[in-house]
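In order of appearance the chains are A, B, C and D, and numbering begins at 1 in each one.
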Amino acid sequence: MMLEVQDLRVAYGKIEALKGISFTVDEGEIVTLVGANGAGKTTTMRTISGLRNVVGGSVTFEGKDITQIPSHERVKLGICQSPEGRGIFPGMTVRENLDMGTYTRKDHKSSAKDADFARVLELFPRLEERITQLGGTLSGGEQQMLAIGRALMSRPRLLLLDEPSMGLAPKLIAQIFNIITEINKQGTTVLLVEQNASQALRRAHRGYVLETGHVVKTGLGNDLLNDPAVRAAYLGGH
Amino acid sequence: MSLSESLRSVTSGSYSVSRLGEALAKQSRSVRWSFGAICILALYLLPWWPSVPVLGWIVETPGTSFPSVLTDQVVIFVLVALGLNVVVGLAGLLDLGYVGFYAVGAYTVAILSSQHANLPWLLCMPIAVLVSMIAGVILGTPTLRLRGDYLAIVTLGFGEIIRITANNVEWLGDSRGISNIATPPSIGPLKFTVLDAKPYYFLGFTTILIVIFLLRRLENSRVGRSWNAIREDEDAAELMGVDTFKFKLWAFAIGAAIGGLAGSLYAGKVQFINPNNFPLQLSILFLAAVVLGGAGNMWGAVVGGALVAWMPERFRGFADKRVFVFGVALVLVMVFRPQGLIPRKIRKERWLESWKPSTEADLGGKE
Amino acid sequence: MRDWLIYKTFWDLTVTGVALGSLYALVALGYTLVYGVLRLINFAHSEIFMIGTFASLITATNVLGVPMLEAGQYPYRTGFQLVLILLACLLGSMVLSGAGAVALERAAYRPLRGSGDQFGAVVLAFVTAFVVGLVFFDTPKSNLIFGIIGTGPIAWMYLNIFRRGRQAPRLAFLISAIGASTAITEAVAIWGPRDREQYQTPRVLEKKTLFQLFGTDIRIDYVIVIIGALLMTTALLLFVNRTRLGRGVRAVAQDVETAKILGVNVDFVILITFVLGGVMAGGAAMMFTLVYDQSKFNIGFLLGVKSFTAAVLGGIGNLKGALLGGLVLGLAENYGSALFGGEWKDVIAFVLLLVVLMFRPTGLLGESLSKARV
Amino acid sequence: MKKSTLLRASAIAVSLAFVAAACGSDSDSDSSAAEDTVASEVTEDTAATAAGVTCEPVSIAFFGALSGDNGNLGKNIRAGADLAVSEFNTANPDCQVGLVDFDSQGDPAQAPALAQEAIDDASILGIVGPAFSGESKAAIPLFDAAGLAIITPSATNADLNDNNWKVFHRALAGDDKQGPAIATYIQNTLAAAKVGVIDDATEYGKGLADIVRDTLGDTVVASDSIDPNAADFSAVVSKMKDAAPDTIFYGGYYAEAGKLAKQLRDAGVTATLVFGDGVKDNGFIEAAGPAADGSIITCTCADGASFAEFAAAYTAKFPGETPQTYGAEAYDAASAFLAAIAAGETDRAGVLEFLGTYDAAGVTKQIKWDETGEVAGNAVYAYKVEAGVISVIGLIE
């Protein structure tokens, strides 16, 4: 078991956003969290990355309890996130943004870094064309590619993707999901949060359905996709 | 409760004055009214407090005249804090040059009653308030479109421009200042003479009561709600149809008017002003008073203003070390009571909020 | 008559204006760096500069033993010895200013960010114990001893309170900054080297004219200031743009949360930002004493206000803007003083700021540490 | 619920009272420290003096800055008054006069409340001060209304004497006497054809410089003001360098005079520098270093015949220190009040009346006041700085 989240509780002031969520991610998997707005998906992701303090529960990564350690330490352990809204540094070039992904890596000038750089550009050829452009000038799709590419540059063992399809054209969405599958095939475990539940469940090995701070359903990706209740609630009822 | 927990609860305000307010709010109307009346009466008798046994020891100002400290410092600071609180606390505009409006008020009275005319104080005072208000509009119109911290440095510059201009223009009395400023007219037994500060205190305290009354009406009006909206989220307020510029300008003008009022009271009391009365540091002290008390809360501003004015006089014995202790106290209060001594009840203040836009403070977060 | 005056002294005013502007620029860099990362007007930055001038003074007189006067004349030094003294003073200023900035950040700002630590608690506790000691003791020595004894328990108490993890409102940061500024100024005024008097720093560099330009004498001290400021600014730009830590600074300035999830230690980056600002102010302080050979407890205040004006003029958060703003302000003050009279110097600075902000609401170069390339 | 809240509130109030009480008692002991030292000295020396006057416990007050940015100037002035009082107390064991401090920080905003306190203290018969012109204008109307006599040892602004204040006295000549003398000196003795005039835009500096400007008229070829808080005066320096005057007069205080002298010399300006009495302080020599050499300083104060004696007594009382600016004037001012007390005056009206007829040799000059409170005689002396020492050249004719 790579990541284990147990009875996680997080509050904003007096309002509890997560009321005790538990789930696991195994090595090599794509696991997705689906749910409506306000279900607690992004809060979960931010908590795993260490941006939010927990009220109760624990997060365990590769057997180590990481509930209390600061975010930058978690990156060193191998967790990296492509955040909701992409979090591109607008005043940095595409290359500098990608370099930010290697911030915690010790092998700065090494060939391993160059290899990762080449691998990311191979996955996202568009970024190579834009390599000297400022992050703030990219289109939404390009920014999403940059955010995922940047996260990959840290060589994560667990990649957290928060709403990678948000605000993108359908054609681009398919492309992004293809790349996610490709990344997973190359050996990176992926935890994916999506509102676009049908695409996410189709790609994922397993899925969890979140509703107002609780996990209400869990199962294999395809099973959930075919579950009538889930279809009714999140997939437009077809 | 463990020691550390109790420590935390003390600093996070469980012993605050607002508790008293809460307890009072539960009482019947007549109890509240009589409590208020007793408080006001007691405050009117404030100049005599030093002769009350235990209380006197606390409030007295050794080495300087207590009633004069009340009129020259406390009343002025409380008024100024009330005015600045409108600008900083209610509308969320950072003003580092508030002393400028205070100076405009004082100088208007000085010019009209001594330097270039002989108008009575009672006539000069409303003119001073008006002139300060106009100064607020003149400064506000071009600058209120600027964002928070740009506004801070521009207002700071404004305060300095006023002081330096007064210092160098002969028509304004230059560095010599203006003497023989008119005093308020005597009303019955209240004689505004040089040697008795008490009538000035009664006048000043009454003015404070009137200002508090008017501000309370204002806070609960449409204008007050608009300020609230602007402070919470200016863009959202704009989208909801609030003419943010207009209301920001209103806040600025009303704040300036109260500053001018304080200035005119001060000029009428001391009868002599010069540019050294209006240094830049005073603006900073005013701001400290508001934030120390609790920005956005009128009672906080009153307490903050009174404390900042009274403390240095109370602790005259420290002489040179007063200012140092004041600086340390500011840091400590902000570290342990970041919302001020008497915080606002509703803490959701966008503009006053953290530099991290979306971490701790906003409820609900992004979901 | 006055136009004629400015025409005749134009180049003179230009040289001195650029030199003064360079000092503004170096101090402005500190304001702009901290603002870029924390959105905080670091009001106490001017005191970091003031500490630097005293560090320079102490290094020269107490450490290196340079006298104020030798047989009624300035203790001029030449060649290798001169360079050594100047470098030692520069080092002294930079180290002490940098250390001051660190202490300031840990004690006055970090607790407000909700991540207070032992170091800050100890500094704050010491100051508190010292203040409490003021009630009982008159001599600085017994006060100091009391301060040291009291530090332990108070620091323990503070640490307990620090673990709130909550952000303070922005105004609280500003007031804390103002409080720290007041406390530092007054501490130097009361317990500093001697008293509130003005201090002289020994003049080791003879202010010779190096060469003439447009009929104006170019003095060596001005040349050192201008070149020094350019070198330091360039070094800072290189650091911020080319190094890993520099990228971290920019990342925190642009998006704190994303920086965190990419592994940037935000508290450390903020500390580095303060160190950088402090070192720049220290360098400015040393060069200030070189030109004016003096210092005073309140010397930072006006210079700080002007430097912050320069930072806003150039576009706060923008490093190149700070340089440009400083130079423009220095020149404008000089030309303006010649035209309208020296008593209007500050008015000229603020009116210029007002006019620039009217037409360019985010300063000459715009805010860039966060929005565009530095 | 309500009860417990009120209980808590009162508990806080009580604890606050204790804190305040602790602080209060401390500050009390602080303020009485000055009197304590006087008393102890007296006991040491009682045997030395035999006869003396007797009087009720009375005191005089010092009013001026003892802390804050101008604290040093005030401390020097207070030291002069302190010396006079302790000498008097030593000589008259049966008439102990106290010296009460009113620390205004030179701030006109604090002055009225302090003045009121001084007035309310019935034992105070006279005020040495206020030290600065600004605070004088804020405080003297109160003293005037209360009939409490003041002798300022340092406020020289010309227009202080035309307010019809009955209580106003000055222990030194106003700027209206000094200004024309400076102009005369520049014109006649220095024979300057071109003069530059600079001031610090303060009441004292600009007031004095304006009188010099008016008196010299067309001889003034360059004129400017500086901001005393600034460190850099290069615009003014450039102007002076360009106008190349033979003599430059600066109206202001010694700290800025030092900075200015240095910057002028660094820029290659060789004109003779002339200053007013605010610069007659060793602080100027310290600040300007070798740049001070050759400067002319004027003062209405002569280092009179008894000055050396005064200086010796001063150093004896304050070891390692020499009298600084206005210290001797403060000594003279305090001496006038002490003479009134010695003459048996026991109330303020009597003291005020006594001052009107007072005529005695002071340390600085013969002290005798006209009806406006100006000290009689308007002798202005010129001093020169040579090798870091300020020494008198003589009377300005």
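Everything that follows uses one rule, which is that a contact is a pair of C-beta atoms (placed from the backbone, for glycine too) under 8 Å apart; a residue touches a chain by one contact, two chains touch by 3 or more.
This structure is a prediction, so every number in the text was calculated from the model and none was measured.
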Core chain by centroid distance, with centroids computed from Cα atoms only: C
Taking each chain's C-alpha mean as its centre, the one farthest from subunit B: A
Interface with more contacting C-beta pairs, comparing B-D to C-D: B-D
Where subunit A and subunit B are represented by their mean Cα positions, the distance between them in whole Å: 50
Distance from subunit D to subunit C - Cα centre to Cα centre, in angstrom: 35
Whole-Å gap between the CA centroids of subunit B and subunit C: 31
Contacts with two or more other chains, residues of subunit A listed in rising order: 51
Multi-chain contact sites of subunit C, meaning residues that touch two or more partners: 165, 257, 341, 343, 346
Residues of subunit B engaged with two or more neighbouring chains: 167-168, 318, 320, 323, 359
Interfacial residue positions of subunit D with respect to subunit B in the complex: 1-2, 5-6, 8-9, 12, 16-17, 20-21, 23-24, 26-28, 30-31, 66-68, 71, 101-103, 107-110, 112-117, 119-120, 133-134, 137-138, 141-142, 144-146, 157, 159, 163, 201-203, 206-207, 225
Residues of subunit A that touch subunit C when the two form their complex: 49-51, 53, 70-72, 75-76, 80-81, 83, 87-93, 96, 99-101, 103-104, 108, 134, 136, 150-151, 154
Residues of subunit C defined as touching subunit B within the complex: 35, 38-41, 107-108, 111-112, 114, 116, 124, 127-128, 131, 134, 157-158, 160-161, 164-176, 178-187, 189-190, 256-257, 305, 308-309, 312, 316, 341, 343-344, 346-347, 349-351, 353-354, 357-358, 361-362
Residues of subunit C that touch subunit D when the two form their complex: 5, 8-9, 12-13, 16-17, 20, 68-69, 72-74, 135-136, 195-198, 200, 203, 207, 217, 219, 288, 291-294, 298-299, 301-303, 333-334, 337-338, 341-343, 345-346
Residues of subunit B touching subunit D in the complex: 15, 17, 19-20, 22-24, 26-27, 54-55, 57-58, 60-65, 67-69, 72-73, 167-168, 174-177, 179, 193-195, 197, 269-274, 276-277, 313-320, 322-323
